[in-house]
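Chain nomenclature is as follows: A, B and C, assigned in order of appearance, with residue numbering initiated at 1 for each chain independently.
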Amino acid sequence: MSIWKYANPVLFMRTSGRLLPLLVPVTAALMLVGLVWGFFFTPDEMRQGSTVKIIFLHVPSAMIGINAWLMMLVASLIWLIRRHHVSALAAKAAAPIGATMTLIALITGAIWGEPMWGTWWAWDPRLTSFLILFLFYLGYMALWEAIDDPDTAADLTSVLCLVGSVFAILSRYAVNFWNQGLHQGPSLTIDQKQHVADAYWYPLMISIGGFILFFVTMVLLRTRTEIRARRLKALLARERMA
Amino acid sequence: MNLSVTDLAVARGGLPVLEGVSFTLAPGRALILRGPNGIGKTTLLRTLAGLQPPLAGEISAPPEAIAYASHADGLKATLTVAENLTFWARIFGTGAIAPALAAMNLAGLADRQAQNLSAGQKRRLGLARLLVSGRPVWMLDEPTVSLDTASVALFGGVVRAHLAAGGSALIATHIDLGLPEAELLDLTPLKAKPPGQGGITGAFDEAFL
Amino acid sequence: MIALLARDLRLAIRAGGGFGLGLAFFLIVVVLVPLGVGPSGATLALIAPGILWVAALLACLLSLDRIFALDHEDGSLDLLATAPIPLEGVVSVKALAHWLTTGLPLVLASPVLALLLNLPASGYGWLMLSLALGTPALSVIGTFGAALTVGLKRGGLLMSLLVLPLYVPTLIFGAEVVKRGATGQAVDSPLLLLAGITAGAAALLPFASAAALRVNLR
């Protein structure tokens, strides 16, 4: 049994249909616990006061904002190489979620930045990169919308996603080069010791887990919608042929 | 140098239009495609020219042998007749354009800009491109549109000369080109059937049903 | 391929080819900026590198949709795709022709416009060098955008949305070279990075552009 069998739309629909009833409550529970714990049951931080609690929205949404693009890149590659429709549709489904998460990260960042740095917006490299990432999402979604034929659209957006990824990374380094910035270093890293106190760490991890599951659930739901739309299109096409 | 097509199916806009197309085109032969509007003649020719992938079946053609002439002539309005033709001759790496101009009766117009040509003259220039391409297999999509009877006869002669020189031609047309030796292929019975009624399966949107 | 280049250049120069439009646009943007910002020489000198680069970028963008759209309309793109030259070559030549008709005039005209914006004298050489190194990347990236949107009815606006984010690194490094050059700082690292982007884009993007073109011709 290989993972590629799930690239069959029918099997994907069946499996995801069974998975979703489990995923939705777990996602809701994790997000609820993470956010409620984070907002109401953590101490105020010494310097930042209660403003720090926006971290429970800001960090997870920023992570999803970046990783959704990464997932789209992988899905686009799979489509280009193996021509699995589900993969292309999953990339399409992920884009608006990634864009929304990027926007949430930008907005929560602005709300956090005002009390901390005294400004809603600064042309800090991280903020700027996120804004540019948001523009990439917009272009990607616009291209999907503009093309009628679904396979053509899948091909072109996949190529755009590939090229866009390279330029997104280039932009990231260019922006770093351009301005050293205000934003603190990453709060969470895999290889270094943790920068966040335990009191924040646990609810933050739960919140991140919730956001990841939220992303997965939404992508599954939206991919199912896209597959249904394609099925409808195929049925209509047959009716026209007959 | 045969062009042979086996059990070809082609699609337009994601829908199969023709299936089970099979024929062989030998050097010196011409094949005329017939069929009502919308049957898929243009789609078939574009597929054979390599501009779009077939839905199913096989095309075996010698590499870089096909010269394709579509509805559009690919002329640049601000270039002269000679400049337009020289450009294509250089792209295809062939030599003089004078024989092609003479064959299509364009020699007197060589210095005129393409935007000042009549529709029929433009069409003749578009067909002259085939002669400078130096390729043996011609694929012509309604080549006689906007040509007058004299020009049709002229073009018929050009095609016959091409066949006599060992070339071949695949022509989608409704008009009698004066090529009695050409074979006919009527595409009407090859119209793709809906998948439920014995049409091709697999390569289409079945995965979603 | 030389034939294709010669034809594109000739078409650009003949009536209706649009040669010089980009240059005129560049001039207008540069004239409008002081009208909006105010005539203070010090302010203008400060923002001149950025304005010149942004104006050059927009001037480049303006003519991108002509790269393939005209050839697509009159059918020559189909014919070129069946011609014996590889589509990657066609795309590269198209980008080169675009640069020769848009980017190169911008490079040559830039000192005059820098004068209008009161750029310090030490920045002139760097401005021309950075534009000469960076505008080819703009043409190559733009050709990719044009290839993506070639069949679309209203592709122009969409293409801007697709292409402009891709221009970010080129813009940053290009303007940085001029900024540092004008104030007498070391320019070698942004200059090398700019050259690197141009070289990388020119080497790899034609493959993506040709792939997009093939899909669009289908």
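We adopt the following convention: a contact is a pair of C-beta atoms (placed from the backbone, for glycine too) under 8 Å apart; a residue touches a chain by one contact, two chains touch by 3 or more.
Everything quoted here is computed from the prediction, not taken from an experiment.
When chain centres are defined as mean Cα coordinates, A lies farthest from chain B. Chain-level centrality, scored on Cα centres against the all-protein Cα centre, points to C. Centroids of chain A and chain B (each the mean of its C-alpha atoms) stand 48 Å apart. Chain centres here are Cα means. That of chain A falls 32 Å from that of chain C.
Chain B and chain C have centres, each the mean of its CA atoms, that are 37 Å apart. Annotation for chain C: residues 218 touch two or more other chains. In chain A, no residue touches at least two other chains.
The touching residues of chain A, counted against chain C in their complex, run 132, 135-136, 138-139, 142-143, 146-147, 152, 155-156, 159-160, 162-164, 167, 170-171, 173-175, 177-178.
By the touch criterion given at the top, residues 13-16, 192-197, 199, 204-209 of chain B touch chain A in their complex.
Residue ranges of chain C in contact with chain A, taken from their complex: 144, 148-149, 152, 155, 158, 161-162, 164-166, 168-169, 172-173, 176, 189-190, 193, 197, 205, 208, 211-212, 215-216, 218.
Here chain C touches chain B in the complex through residues 2-4, 6-7, 10-11, 14-17, 71, 73-76, 78-85, 217-218, going by the rule given at the top. On the chain A side of its complex with chain B, the touching residues are 8-10, 85, 149-151, 227, 230-231, 233-235, 237-238, 240-242.
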